[in-house]
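Note that subunit A is present in both complexes that follow, paired respectively with subunit B and with subunit C.
Coming up: the complex of A and B.
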């Protein structure tokens, strides 16, 4: 009888597709299609420099997206990552440029700020049980205000590449001879691998997924759900710190009051990549692919004459499709 | 014998990979209650879904009031007078009783909803059923029993000629069941055809006139209820005799050590000054009516809910249990009555669920030792005879009985010595039920101790060595199995202190 039940519940998918993850495969195809499409339509798009710029603009979003994937998997969310990223970049940069501290200190402080925010978000969500949307909406506003206060509402220009202090910019884009190499992509790949392992092969990952699937059943199994739930937000904060560094390294200056809305790009990326808004399911590789769809659209559309407004509309449509896939999948498996 | 109102003949229905219904016959007569029985997955619900137009049949005929019909959807079936009262009530708790009854077909006064008129009509419906419910009360404030009455009122408001009750008694107290039966007898007298789906053999004997039995999607046969015994019906359902007699005497030695002692436990209104002891190798049954506070006691003991006061001793040592983590550390495992919500993570695999409570024992450095996890999980799949193709199968794909075995495996993996089984066989079919019983007996034979909360009298009498009876949050009695009878248990269960 169990066999029958099983048959009734399972879908008729190719086992290989099932293993790689149907949605991730689709997203990969979308990326290839988009890339081919833009390349054919526009000669300028085919340039190495374009690819470089796609990557440049993807790092900070990718880091935020990896982090927020953990929050999403618990069934929560983190809206504070956008303004948070800018805020930590401002604080770190402030220490370097205004307080005369070494760049290394600035970088570490940027990360620490992210972790602290993760602890705060985790406390609000996991211990005080404030709904994640509300809790992180509040910390989003706090982060925005805090960045402005620390810098006295002034933009912070992290040291440019040419200066002695500008070495940190080479973390993401290194120039060897006359060619620039997207070194940042290497870090992204390494972090993707590490976090994929953390999510799938370690206790924190297992428990974070379990919390998102059924928090109460997990708690009743004697698992310290508060601790692991909180950890998801701390991971999110840490990666927002990474994002803050990538942001500072990519852009000339970090301006206070900005960053709102960027969290949505990251969340969109994660969801396009197959992370469920209901929690309990998600993949880091999927998130990376999802972010690439976003940055491909962001960079590619101007090349075929469609400006930012169109990019918004198309991204919106892509997101609806991605969420629809999730909804349909949930409905199927719910039967 | 009444005149036939509805006939289903040769109904066939396949889903991809499953032949759900194989030429099933069913005959509903006016003024008669027909029991539809079968193990879980026998096809009862599918048949009823075909009847009311939720599923399209592949072949076969439905004849209703002399005409061949095929209802397009449940609404069409309703309009024709064929309605289902579902097991899970479809009620909107923030609307009033009347608003619920008339949802989707509100009585209008021009462009405005006429609440007053709907309240009046509701009262008329309730009068027909001889029940008293305030139509302006919020649905959420009613007891489950009353909510079900509303569902029935809604059904008859459609001028129903055939009413299907899908496990109506599952969430009702004994008193509420009595009231439900009174209503069903009334409806019967009015000449309605009634289909009653239930697993409870006692009810079948009391309320139904004929029994149609299904097994694995096929029609097995129909019996006249008063001419057959429980064993006859069960034999038709499973094709084997499994009905066992109650346990005659406790199998626990008198001098068995006390592994758990609970003293003066208080938690909210539902747990008042509860004290009891559990011996090694014992099954301690917790009996009582719905709302007696048994689950609440278990949850407070397990640390799932906060407790106000009370001492817990394990193997003679006083322990502090503030949350489930403490309980698990002290070797207590809790198998919830609501598996899907509290017992398992349905979207995750058998292996992941098996190791959930003991993952720390499956680590190789920082990483989960997947090989060991799969090996141990598979060992339990084999020893508990869990029916699952692999340990990677998501538990959502398993039947209730097999899901329960996964939860048992979880606590055995954690090596818990005290297991709290809360309604261990709820929603589990007869065959799997006896397997769970065998398993529980094996566990106590191995020296584990079990607290078993059960609302089924037969289960209590069959499994327990000793029985604690609760009523309204208080312990009202304790019986050795040798002196326990249905009558004295029920007496204690209704004895308010």
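Coming up: the complex of A and C.
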């Protein structure tokens, strides 16, 4: 059964394009075009530090996006990732800075919080069958409130790099000599490879895709849909935990009450990358590329002198185009 | 059937949990920092007439700045033998929860109310109710801008425009030799709607433009429309010096950081000013990959917090402006006490200070710096 489930994320008509990855190829071309365009238009953009920064600010969105891709593939969604990420970062940081615990403990707790939230979301969606949009909307609010309660509504500053406790920031960016290297990108690549294999080559991944395609048929063929459906949300929670760590490492200061809206960046990234909002199809590599389209736009548009509000409009248009491509492609492939 | 009942029961239980959860998100946050200092003092004083109870509604405790205000208020209340209940919403965008807190404050029938309104128009009904109940309201921090005539008896606030102007003046001392035709001064503002933030930006822009003109150079303000339209600096095509004000489309660390990087990467930028804790922290993050602050570009911040203090101490920032939150808390309680006693009160500027690596450890300044 598991072997027959097809991840429609790679469904195209041209065999060559299919091999390289359909929509992913288009998205990759978009990224290259955007990068070339900004580089030609702005001298200030053409710098190593710009690439470093694009990567820096992409880690937390990428992690959230990898996680939410699993929720989206089941035909669900997870809106709690934005405020959740901030909440876990606050709790972990609180333990380190206010309770005097070692950074390692803070990092583990940050991940555990993510997993716990995943379990809660999974319980609401898979066991209690509350529509994912509603369930995770509620947990989004819970996460926001919880972060404020734990920290007494005060912002938390994770230890700076210069201090003994600041080593965790080198997980994502390491300085050798005078040059900084985006070490975090290595972890992103490794996790992308692992999760691509999990999604496409393992039984749990196949079942998650199958649930998104047709939950009832999957259940009737003897699969424990509740278990695997729940797993998708737990994976999402775990990656939100990673995102919390990446966010703290990049921005250092985490403010309670924030994070709402960041989940949309991640969801947009996944959708641009070819994950279907209807479920049953998605690609982790596509998600990474989708996130980079967003990051490229956010970073590049200010360099060509575009006012902040125009950036939002252009990002909105790009999203429409991406979804449109998906709709047309799905129609063409005869389904 | 059994299953249905069970699932219904579970749903109700979940809903209840969620409701409790949501409810909690406000209550403890508002109660935790609440204090009732001075209880011993008031019991010492027995039933002296001079002891009052105040309800103080702040903008929340998201920034450590508010903890310093609370500290000042606690100190003064205990000194005067008054009691108080100091509350605030979860974040500075929680307008509705703040209105609820204000309603609750009025219902508690205190001798006076302290208010830092997030949105004056949302608070109007409550303010009228307080007026009708004869409870005087004292504004603090950004106060209650555009409140109806007579509703607010006095304000204890930083003159944000003056604070921005002080930042410009101090910055000018550092950059006046570098200011020449073809240079750019960057300003980062968290938003273009909150009066306190806009005034800090405008105070800087106006004063800086004035100083540049007095050095026989022409200047033009570019960037965000609000600042371009509201500045007193004249529009000049092809000016020698450009003051560029950037405002992100939404308040996220990422967008503010990207704005700062855009400015840092422009070859003609000589100085960048971030007008609050959020913007100044974004400046520190932005410079991590570029490393121009402290050498090619002069960085100037506003407020404190661990990140900004470290940046000032290690020379990344040439300096920063701090408000005097402790003094603000003290003045607030003084004004509340006076208003409750029926004395005439008037606005107090609680002041601001320029701090650098040299003077940040002086007692007068360090009491206003927080982590």
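Everything below uses one rule, namely that the second predicted complex is superposed on the first by the 317 of 335 C-alpha atoms of A that agree within 3 Å, B and C clash if a C-alpha of one lies under 4 Å from a C-alpha of the other, contacts with A are read in each partner's own complex, and residues count from 1 in each chain.
Definition applied: a contact is a pair of C-beta atoms (placed from the backbone, for glycine too) under 8 Å apart; a residue touches a chain by one contact, two chains touch by 3 or more.
Given the structure is predicted, the values throughout are model-derived calculations rather than measurements.
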Is A:165 touching anything from subunit B or subunit C once the two structures are fitted on A? First, second, both or neither. neither
First (subunit B), second (subunit C), both or neither: which does A:281 touch?
first
Give one of first, second, both or neither to describe whether A:39 is in contact with subunit B, with subunit C, with both, or with none. neither
Winner on subunit A touched-residue count between subunit B and subunit C: chain C
Touching A:146, do we find subunit B (first), subunit C (second), both, or neither? second
Residue set of subunit B touching subunit A in the complex reads 15-18, 39, 41, 216, 302, 304, 323-325, 327-329, 334, 336, 341-348, 352, 356-357, 359-360, 363, 366-368, 370, 387-389, 393-394, 396-399, 402, 410, 414
Counting only contacts in the complex, subunit A reaches subunit C at residues 43-45, 47, 49-50, 52-53, 56-57, 124, 128-130, 138, 141-142, 144-146, 148-149, 152-155, 157, 160, 162, 173, 180, 250-253, 255-258, 261-262, 298-299, 302-303, 307-309, 311-312
Touching subunit B in the complex, subunit A uses residues 1-10, 12, 197, 201-203, 206-207, 209-210, 213-214, 216-224, 280-281, 333
Subunit C residues touching subunit A in their complex are 7, 10-11, 14, 18, 21-22, 24-26, 28-29, 32-33, 60-64, 67, 88, 90-94, 223-225, 246-255, 257-259, 261-262, 265-267, 278, 281, 284-286, 288-290, 305-307, 310, 314, 371
